[in-house]
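Structure, as structure tokens:
Residue numbering begins at 1 within each chain, and the chains themselves are lettered A, B, C and D in the order written.
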Amino acid sequence: MTTVPVEQEKVEACRAFAADIADDVQRFIDRHTTVGVERTVARAYGVVGADAEGTPLANALVDRIHKAGQVGRGVAYHLGRALCEGAASVQEAAEMLAFSEAADFGPGPSAAEARGAIEAATREAIARIDSARDEREANKAAHRVGTAPLKYVIVATGNIYDDAVQAKAAGFAGADIVAVIRATAQSLLDYVPEGPTTEGYGGTYATQENFRIIRRAADEATRDTGTYLAQTNYSSGLCMSEIAWMAAVERLDMLLNDAMYGILFRDINMQRTFIDQYFSRRIIARSGIVINTGEDNYLTTADAVEKAHTVLASQFINEAFARRAGLREELMGLGHAFEINPWLEDSLLFELAQAQLVRQIFDRHPIKWMPPTKFKTGDIFHSHVHDAMFNLVGITTGQSIALLGMFSEAVHTPLLMDRYLSLKSARYIFTAARHLGDEIQWKPGGIVESRAREVLDKAHALLREVERETLWDAIGRGAFGDVKRTRTGGKGYSGVVARHPEYLNPILEVLERSSS
Amino acid sequence: MTTVPVEQEKVEACRAFAADIADDVQRFIDRHTTVGVERTVARAYGVVGADAEGTPLANALVDRIHKAGQVGRGVAYHLGRALCEGAASVQEAAEMLAFSEAADFGPGPSAAEARGAIEAATREAIARIDSARDEREANKAAHRVGTAPLKYVIVATGNIYDDAVQAKAAGFAGADIVAVIRATAQSLLDYVPEGPTTEGYGGTYATQENFRIIRRAADEATRDTGTYLAQTNYSSGLCMSEIAWMAAVERLDMLLNDAMYGILFRDINMQRTFIDQYFSRRIIARSGIVINTGEDNYLTTADAVEKAHTVLASQFINEAFARRAGLREELMGLGHAFEINPWLEDSLLFELAQAQLVRQIFDRHPIKWMPPTKFKTGDIFHSHVHDAMFNLVGITTGQSIALLGMFSEAVHTPLLMDRYLSLKSARYIFTAARHLGDEIQWKPGGIVESRAREVLDKAHALLREVERETLWDAIGRGAFGDVKRTRTGGKGYSGVVARHPEYLNPILEVLERSSS
Amino acid sequence: MGSMTQRNILRAYGDREGDGMVQMSFTLRILPGDRAREVAKRFAEAHGLREPLVTAMEQASREHTYFVVYGHSQHGVDTSDIEVEELAAQPLTRDQIEEQAKKLGRKIVVVGACTGSDAHTVGIDAILNYKGFAGEKGLESFKCIDAHNLGAQVENAELCEKAKALGADALLVSQVITQRNCHKENAAALVELATRQGFRDKVILLLGGPRIDHNLAVELGFDAGFGPGTKPITVASFLVERLVGRV
Amino acid sequence: MGSMTQRNILRAYGDREGDGMVQMSFTLRILPGDRAREVAKRFAEAHGLREPLVTAMEQASREHTYFVVYGHSQHGVDTSDIEVEELAAQPLTRDQIEEQAKKLGRKIVVVGACTGSDAHTVGIDAILNYKGFAGEKGLESFKCIDAHNLGAQVENAELCEKAKALGADALLVSQVITQRNCHKENAAALVELATRQGFRDKVILLLGGPRIDHNLAVELGFDAGFGPGTKPITVASFLVERLVGRV
């Protein structure tokens, strides 16, 4: 496989900076929880259902506790306490706590007592993740699994039943992974909608039932084609960890999940995001889901030549956070993208350099390679060629997961035909250039090598700076994606809560003990 | 620039075989003429016009001489004789010889006398080629000239006035070279039609007036864009040398011209073709026109992996013939093509190997690189991607002239829009991968290197065989393009004539003295 | 029960049932701008596209602009009344063909050519020659078939002569060049010639080529037409069935 | 002379004047085959394509087939009656804008946002921010303009509040997400809100985005619309002309 020279000491120095950066934030994370985390715990304990307006019980429950100022003890404490005090089940306990006049959030039994009461439910919660994981693995073992670069396509009709049709069509046409893009506004919703949904703009809501519908379709496609069709969705936004949990129990294979994306691109509060990502990743690690980070997005707002190093720096940080949440490298699908101005001389060499560099530095990671989007226009013919070059760089540099470009990128979320043609083109190029990467050696000191060196150098410099100023401040001054955010600004800040000294979260404890 | 290892001794051996092969045929050529050659001579002397049925005077003249069994003396002899005998001009002489009862083809003055009579006309004929050449060169010097790979596109509306519109559009859209494809049947016509034409299938007739119309359009485009727009057409078929002459005096820049294409692909008699190609190339050499040979065609009937070496072998032969006609390497646009089954694993590596090999072996030659056609389907979207890979290999291996693929290849001769998109795509890839070739070193002993070695080895073996059996017999058994032809079969055989011991062709003599 | 014909209207499918989404591209002699976009929209609307979206508008010459448009097509096709012979549907197997052909008591004589000024041999070779096409051997490889391939650039008159001389059961004509319908003229001329020469009814006439389909061939007076991707076995199967009947 | 309006019918151009050649692609819920090809042809014919040629027919799912068709469009557009404001036609120069704006005696206050759940800031940033777009600086860079960029995901209500608080001369709204016309709903809702709040007539409302054009914006109740590739100076020019008049 082709290589560019990578200074190992520099890489290690980057990892060391990233470790410091993450440790600083991790200390904060370990002392806090959020309403999102607690709703996830509630769901894991089996709290289900929603009221007539669609407010999930998990929300009603946690909101009430929050109103009482008692989220810091952990929802597990309150549920455990209710069980101690006679509730017949977690569900009953949750309903009581959410709606009953009798609910008491004042002083009560000790955390140890509550923990005891909920211990069986804790075991069940974990068993549910584990058995879904086993089922996923059995299913994969029983079928052919695609070879890298895995062909990843999105569906986004807004209607989950149409999405299912499209997902199966994608499987037929050769996709390895299918993602149902979320509706535009969902990441800002502080709850996960219930049931199947048929109306969404720019995508379809992520709901547990929708996950099931697509899983069923993907399983059918798997049986039909003999090749395992993986499913992915977004563990992002204000319900990051809840969705991670739903994905875990519904056998999703991957999740878009990034330590900083929500902050930068959805203006979600930093503290909230950091805490949520941690818990989401603990679940993901246990479940054996592959995450996909979102560094590609930086290049949609910042220039891909000037700011290439911010992608690399961010990958080191995402890696450091992921490691602190127990993920092994094989589950870390770090994201990067082919977003250089295509009309720039030698843009392809720059893309090759970056792709190669990331591939080598994160050699055990299932790197996620994103197609051109920003410079796409409605000239669908040309757009198709642009994607072809992306496919070529992908196979040449051995990317793991290739989110295939769509020729209609600048027009609409993909039609069935767009996806078919995208898959056909990828199949052609991945076949025609199968061993191109093995064949190429880069000219010493040439454009590709120099560019790779430059990007690593700059990433190193940036990480040193971020380490000095802390990640909080670095984001504050726009270090990533040219976007600036403040520590207490953004959505969801009110859902951040300091942990009580006796904070109880037995599920997190189990997860923290296990390694993925 | 990237290289594959090329055994120089083997290349030299190939050239030596090719020299023997061509010498054998050249001995035959030097003893013969054809009606086509003689019509060309007549035209060069200024014989113009056609009768009401459209039969050109040059044809009427030579046919009559042929009927009299006197073509072997050369049309120059007959014209010269008529001048000796009182004709006021070559044109008058021609008319008399073609139509008059008084025309006498029996014994007459000596060749020397006839030569003397036509000497002034000989000088004028040559001067006309030379001044057209000077004009072309001045025009090029006054404008920007495209950089390699030159972007070559075809127009083929059937109507010369539409062709002119399309040619200008191509110039606007960035073409460096424009070819007007010929009507399907023209190469089998044993005359060149007169005047502008507006009806042709699969292309537009090559006529002198049509050449002028396109030259005018191309000159306008040149002035408009500031980049010289070159013009090309086909010196092929039964009127090979006549068209070469028309192209020379009408300032065309290139000509499709191949020593064997007519034999193999139009079933034109071998002897006829060899003689015609020689004279056509003598004119071409004087005129400074770049020829494009047609080895790409082999891969439309034979398999591009199995028969890649036949392309290379044929290039050596075409080179040897061209050299014998006085062409310098800088005018030899040897043809090859990107025609491997795109669904074959590593097809792109094989294409790279072949393109690179040809580039290196013929390093001073303006190599002509032909796009995929055979495996094109009516899926225009995919076809566009297929062409993109062709463009990529072209820029990477430094091809000189790239005939750009059209996404509608399997559908129709290109529409204005098809050409626009093709040029746009080439512009993108030539820019984005400008220095890719400089950056790549091929893995020693890898797929690319091994393939290049294999092709050269096989070409060497084939040339050795052809040398042994002679080219006549090699073609007889289908050595090229999987097509078999016999020495006396095919069209136009009746137009082959042994030269009289006193054969007169003063124009050829001048051309043979000059070097291009 | 009731014999109501069921109407079955097919509409285009983008990503939602019934959305009617289609894509068009075209060139107009107009320069890009707000006005040109409006013209392109109306042009698309004239074709029955609702809410057309002009996604590309690029100047392609000093006078022309190239457009890409998406829109919701209002049109549908009633598929219930479309009857088309699916020639390729279920060809006989090679063994069935040989078996069935025995009933004829002699070989089936076929003569093929690419006619007129058309020099594209690859298609007719694919059907006739031993070597065949995409791994499937041509008619020459069938024991029951005596195949003659006259190659390309064959004049209709020459083809008819040969056919008569060889006592052909079937004439196989390939037409690849189709610019301004020259294939139609050439093909129709052959049928006329065979009719004039009085043997039209004694032979099976097959037409093939990348832009040929069964309906077109029948319109032109042929017995059947074969389009892109045709396999030799489909042709053999058709011939045997016509000459001997279905297995 | 006579005042006859000249009709000027534009037809598509392939490679010969008047050939009407257009390309279409679409997906139908049918499996590939001779019948499907016929259906695709009829579908194309329904759009006004003569002699449609189905050039691609590939199965894209268990139930769907993707088609490419070429054909001669019978339709033409009468361009003589199409009147469209060419907003980008001749914008003022930067100097002219500054000069002209002086007549106002104060800065032009503009407030911009990408509204609703739409998070695409790049477009509105390109117009408003100093940095601008494709080398052209944004409205912020004009001395005569006081530009406020509220960013993305801004609710209409919030935008109106800010606009009133800042005494905005113009509201600049960006809408990028357009799936099933959500941009139209959201844009229309803003106009309604501004009307309800009684300041619709006191401000200039501009709408922009990759799928916006002037006509659409006007239909939705805005003063003008700006599509893909809009340059900040065109917007500045428009604003000055509206507020102060043409130079």
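Here is the rule we use: contacts are C-beta pairs under 8 Å (C-beta built on N, C-alpha and C of every residue); 3 or more make two chains touch, one makes a residue touch a chain.
This one's a predicted model, so the numbers in the text were calculated from it and none came from an experiment.
Novice: A-C versus A-D: which has more C-beta pairs touching?
Specialist: Higher C-beta contact count between the two pairs: A-D.
Novice: Going by C-alpha centroids, which chain is farthest from subunit D? Tell me that one.
Specialist: B
Novice: Between subunit B and subunit C, what's the gap in Å when you average each chain's C-alpha atoms?
Specialist: Whole-Å distance between the two chain centres: 34.
Novice: From the C-alpha centre of subunit C to that of subunit D, how far is it in Å?
Specialist: 42
Novice: Quick one: report the Å distance separating subunit A from subunit C, using the average Cα coordinate of each chain.
Specialist: That gives a centre separation of 50 Å.
Novice: Which subunit D residues touch at least two other chains?
Specialist: 13-14, 21, 23, 25-27, 53, 58, 64
Novice: Provide the list of subunit B residues touching at least two other chains, using ranges where the numbers run on.
Specialist: Within subunit B, residues 156, 158, 377-381, 410, 412-413, 415-417, 421, 424 contact more than one other chain.
Novice: Inside the complex, what are the residues of subunit D that reach subunit B?
Specialist: 13-17, 21, 23, 25, 53-56, 58, 68, 70
Novice: Can you tell me which positions in subunit A touch subunit B when the two form their complex?
Specialist: Going through subunit A, the ones touching subunit B are 342-349, 379-382, 384-386, 388-389, 392, 407, 421, 424-425, 428-429, 431-436, 438-443, 446-448.
Novice: State the interface residues of subunit C toward subunit D in the complex, per the touch definition above.
Specialist: Residues of subunit C touching subunit D: 10-14, 21-30, 33-35, 37-39, 42-43, 46-49, 53, 64, 73, 75-77, 79, 82, 84-89, 211, 213-215, 227.
Novice: Residue numbers of subunit A touching subunit C in their complex, please.
Specialist: So the residues of subunit A in touch with subunit C come to 155-159, 162, 166, 377-381, 408, 410-417.
Novice: For a test of understanding, state which residues of subunit D touch subunit A in their complex under the given definition.
Specialist: Touch list, subunit D to subunit A: 25-27, 58-64, 66, 116-119, 121-122, 151-153, 177-180, 182, 210, 228.
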